[in-house]
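Heads up, the next two complexes both have subunit A, just with different partners, subunit B and then subunit C.
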Partner chain A sequence: MSTALSYVERDSVIHQMTGTTKLFFFLFWSVAAMITYDTRVLVGMFLFGCVLFKISKLKWKEISFALIFMFTLMAINIVGIYVFAPEQGVEIYGTRHVVAELFWRYSITLEQLFYMFNFLMKYMAVIPIALLFIMTTNPSEFAASMNKIGISYRVGYSVAIALRYIPDIQRDYREISQAQQARGISLGKDEKTLDRIKNSAAILFPLVLSSIQRIETISNAMELRGFGKHKKRTWIMAKPMGKRDYVGIVLSIAILAVSVAMIIVNGGRYYNPFI
Partner chain B sequence: MENKNQLSIKSIVAIGIGAALFFVLGRFVAIPSPVPNTTINIQYGILGVFCVIYGPVVGILSGFIGHTLIDLSWGSPWWSWIIASAVFGLIVGFAKKSINIESGNFGGKQIAAFNIFQVVGHLVAWAVVAPVLDILIYNEPIEKLFAQGAFAAVSNSVSTAIVGTIILLAYSKTRTKEGSLNKEN
Partner chain C sequence: MKETIIEFKNFGYKYRSQAEPTVTDINLKIGKGERIIIVGPSGCGKSTLAHCLNGLNPFSYPGEIIGSLKICGHESKDMGIFGLSKFVGTVLQDTDGQFIGMTVLEDIAFAMENDMVEQEELKKRTLQAADKVYLLDKIESAPHDLSGGQKQRVSLAGVLVNKVPILMFDEPLANLDPASGKKAIELIDEIQKETDTTVVIIEHRLEDALYMGADRIILMVDGKIVSDTTPSELFASDRLAEAGIREPLYITALKYAGVKLEKNMSLQRIQELKLSDEQKELVKMWFYQEKWEQIKEHTKKLLSVEKLSFGYTEKAYNLSDVSFDVYEGEMTGIVGKNGAGKSTLAKLLCGFEKQNKGIICLEGKDISEDNIKERAKTIGYVMQNPNQMISKPMIFEEVALSLEVAHLPKEEIEERVHKALKVCGLYEFRNWPISALSYGQKKRVTIASILVQNPKILILDEPTAGQDFRHYTEIMEFLKELNKQGITVLMITHDMHLLLEYTNRSLVFSDGHLIADTTPVELFADKDLLEDANLKETSLFELANMCGLPPKEFIHKFIIYDRNLRSRREEVS
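Moving on to the complex of A and B:
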């Protein structure tokens, strides 16, 4: 089950940055990509993200399976947009340059193509940075990083616990599901959909019970060690901030500022080449 | 002394384990549905169960963290749907008080309450929150979003109704019934 992206140890500038910087960078970058619809900003962010990805020394084959999945998802999304609203771009940009008339209400317009390209770029702009964030940050550093940007260390601990117990729960699930399959409870295609859902409950119930037991054990252990007594805590995995971290944070603020500035310059979220 | 405004240790752990369960079920367990290329999301059934046992704070945070981890493991977060998952957790979490599963009573009335909360939760999450955020962020066509949202709300409600109800029913049997002990004279 190694199909999920996870931390990859390498020696690069980006790996050396603190988790706090990367979390900060990732959040600012996401917000910047979310608010703007300016093609130039989005393409710029995407290219810059690709450069950073290159610097991180991560390899294409480490991400290709995830990218293929994402592209499939995006393709379905874009087809969906066209099927439901072939004139969305015309509505947004206010002009109509027809390239080809198809059938019924479907025709290809430059505006629609441009809108769909922008939609794709909006997603693409975030991908390199999200990949960097996941693949260059040591999960043990997550909790410390979240705490540093002002999130309560209790919530940080929840995230740390989630990351720590994902493999255990995965193993539990596999064991229970195999045991139930041996008893003839299947989730496969040979069952009707409703039966499949019902059968899944037979696997999930033992899983829930074992998880609840786990919650009891862990919370008792934490209580015994006096967790939560103090307002603050220190982190074994926390790294001190260096020069590169300040550069990173300033850069992320600059990108968000550009994104906001372009909205003001354009007088809206869109860059309109049609007028 | 424990401060009331802070998360209790049990909630902290429940959020973490709940998020991990949500992640494992949402990421690795794919139950094929009759519609091609779509799978049934059983993770919301489990999230519903956790909400009823542990309340709204655990619901909102495990939904948020679990869904963020799922999206990140694919490479990029889709915030509008992540927030919708959190909203679902929040709404179903309010069912904790009216159901009181720890009392061991989970009969017709409680089953109805759970299902009303979860259907409302799914409707608000997928037919209101997710599409509205998608319009604000991506300016996607309204027709597409509401078609998507309606499909998600219906299929998630059905799977949550089945999975959630069965598990809560079984769970309630493991609790000691309120008033099951009589004082002997």
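Moving on to the complex of A and C:
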């Protein structure tokens, strides 16, 4: 099983969109989810996000690891909110419906539960789209579209190059750490913390040196083939903007507009069912 | 000569960080469509010369050009690295590092993208180039799905797209197994013939590079050209031996047999070699006259592997049902294609991975359950690249590392480290920084750092890859010495010379199976087995046929004679 999130090749409408579209979509969508606490908007976005995920033909098991990781973070976050601000919901919504009294200043109120639910929904609205963006965008094509919207191709290419060599460096790391373990250098739990830090240096030192050598080869190879010769370059992986791209961008702007409109209608960022 | 395309005139190059020029007094003319091989020992300046041709010198590695270098009539220092890339296409040695794109398609297109070729044209020309190097069916593949030879072909296609008049290959064979190397040279040959491109190959594996035939060989020593002549004339002289470059095996065999070599014998390739009847007689006499010597048998079983299987999934085993014994004092070669299971075997023996089935016994005791640390006390593993193992700045610290982490008493550490350093001939250097050492010496440091743990078996991954003849001999003679002192040596290798000259046994792997457990002589006389292992026939085989001698016995004879000669030379010195 692969645990890392990376591009997955599939044939879907979402894969066919350009990287630029998906970047804009992701940005507008995130802003829309960030500015509002309106439950109706957030739930709507979450459901819509799930539909898009379905359309992308990505599989559950390809994201399960990442999801578990993110859910853990979210749980920690939610618990943190309750511990530090158990009355935040009451403050926001202006009423106090107690469900149960616990101890000291901690009690469970409907307002707090609702606030935390909304908070959760903000994550839930963004996660599917973030995953989609990462997993349906071919890095090379993305570099091409970044360049198209005016960002220097050197920036885009350094991202693509990093992605290209990550597996190589992972392999180096594995091989170096195995060979070092054979010399008794372990990073296992039975070592003292100080020893673990020292031991990890014994693995990182050769890894960094071999990576520097690799970088020298790469930059030579790139220069010998004319990288940086002109202000612009073309891309074999570039995709032209199609109808679906314009639809996508318009859609994301519409969602942002709805989110903003609801703030005006509600007279604030919160939708208040308690009054 | 045809129209001159490269012209060095009183040329020299001095790196900014060096006090003296690395190459000097270079006068060399290369014509259109010529095939040139530049040879020389490591550090002779051949790479510097190559970097001057493609512009890495002085544009990436700053320095000063002395004299003049004209490429297609233009002075090189006025052109810049991008200007030069229009004339000189370079394929580097590191097949992995120079693969820039995420896929074959993107990598081939890279140079054209930088030239702002429009997308439609881009696609068309990329596919044409991919077709030329027979990779059209791999166009969507990522680098980790390709073999070393295929990656190199991608790089070749990547420079072919620009229709450059000069193709330059920097040690194209160093990272390939013999069979892939042969294919690479065949492809270069084919493309050269088709396009009449000038080809410059920098390589010290001369016999393999000459497979395609060369117009001239340029021999460099200490930054100067010492010979610029046809292959046949060069082989008829002693200049290669003097420079420390390995001659082709058939040339060595002819010399052993006392055949006087002349340039009119077509010495450049075994296929073209012309031997008179008297000369054939000489070879025959040599073959029959010397007495045979039996290679000594080893009897004490040290390591025994039984029905070993390993795979990440049940269906796809990287290694299946492998059984063999290793006897004390052996020096064994492990051969096979990439992905045949050689590295997997090493990892299992060292305990880096745990087998799904089977047992590993050391001196009759099952060690399958021992962890990496425990295994390392009996089985040491030396990686191919010493830079990947060295983690301390000083030699003593590096060798002492495994003992330090085991918290041994200081006196014991010092004693064991000193002993290992003495064995490795590094005792005098013990307080030196590692950065001051040569590649071969670094390799010895890594071996010393393993030897301090007193292993009985040493496993080495490609101990001689990319080394010139002098370093090869240095490393291998050292391993032979260790072996004499009682350490059993297993080597994963593609190096045919190593197998012939230093091993007595070959384990051949193919698709995860041990398909042969034999001697190097048997291996090199068995065409099918060689093919399975991605090795190739030696020129000794053809020489034997040419002289009407039995090939297997002839190879055997050569090996014995060669080893005796070397040990006699050693005694003298």
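Annotations for the structure displayed:
Keep this in mind: the second predicted complex is superposed on the first by the 273 of 275 C-alpha atoms of A that agree within 3 Å, B and C clash if a C-alpha of one lies under 4 Å from a C-alpha of the other, contacts with A are read in each partner's own complex, and residues count from 1 in each chain.
One rule holds in what follows: contacts are C-beta pairs under 8 Å (C-beta built on N, C-alpha and C of every residue); 3 or more make two chains touch, one makes a residue touch a chain.
All of these numbers come straight from a predicted model, not from anything done at the bench.
Of the two partner chains, subunit B is the only one that A:M70 touches; subunit C does not reach it. By the touch criterion defined above, A:I236 lies against subunit C but remains apart from subunit B after alignment on the C-alpha atoms of chain A.
Residue contacts after overlaying the shared chain place A:I134 against subunit B, while subunit C stays out of touching range.
Contacts of A:A85 after superposition on the shared chain: subunit B is touched, whereas subunit C is not.
When the two structures are aligned on the shared chain, A:I161 is found in touch with subunit B and with subunit C. Touch criterion met: A:L209 reaches subunit B and subunit C at once.
Contacts of A:K54 after superposition: neither subunit B nor subunit C is touched. When the two complexes are overlaid on their common chain A, residue A:G184 makes contact with subunit C while staying clear of subunit B.
Comparing the two interfaces of subunit A, the one with subunit B and the one with subunit C have residues 160-161, 163-164, 168, 201, 205, 209, 214, 218-219, 222-223, 227-228 in common.
Looking at the complex, you find that subunit A touches subunit B at residues 1, 3-6, 30, 34, 37, 63, 66-67, 69-70, 76, 80-81, 83-85, 88, 92, 119, 122-123, 126-127, 130-131, 133-134, 152, 154-155, 157-166, 168-170, 173, 187, 189, 193-194, 196-198, 200-201, 204-205, 207-209, 211-212, 214-215, 218-219, 222-223, 227-228, 269. Residue ranges on subunit C touching subunit A, taken from their complex, read 54-56, 59-60, 81-82, 85, 90, 92, 94, 96-103, 105-106, 109-119, 122-123, 126, 143-144, 155, 158-159, 347, 350-352, 372-373, 375-376, 380-381, 383, 385, 387-392, 401-402, 405-406, 449-450, 453. Touching subunit C in their complex are the following residues of subunit A: 138-140, 160-161, 163-164, 167-168, 172, 175-176, 178-186, 195, 199, 201-203, 205-206, 209-210, 213-214, 217-230, 232-238. The part of subunit B that touches subunit A in the complex is made up of residues 2, 6-7, 9-10, 12-17, 19-21, 23-25, 27-29, 31-34, 37, 40, 42, 45-46, 49, 53, 61-62, 65-66, 69, 72-77, 79, 137-144, 147-148, 158-159, 162-163, 166-167, 170-171, 174.
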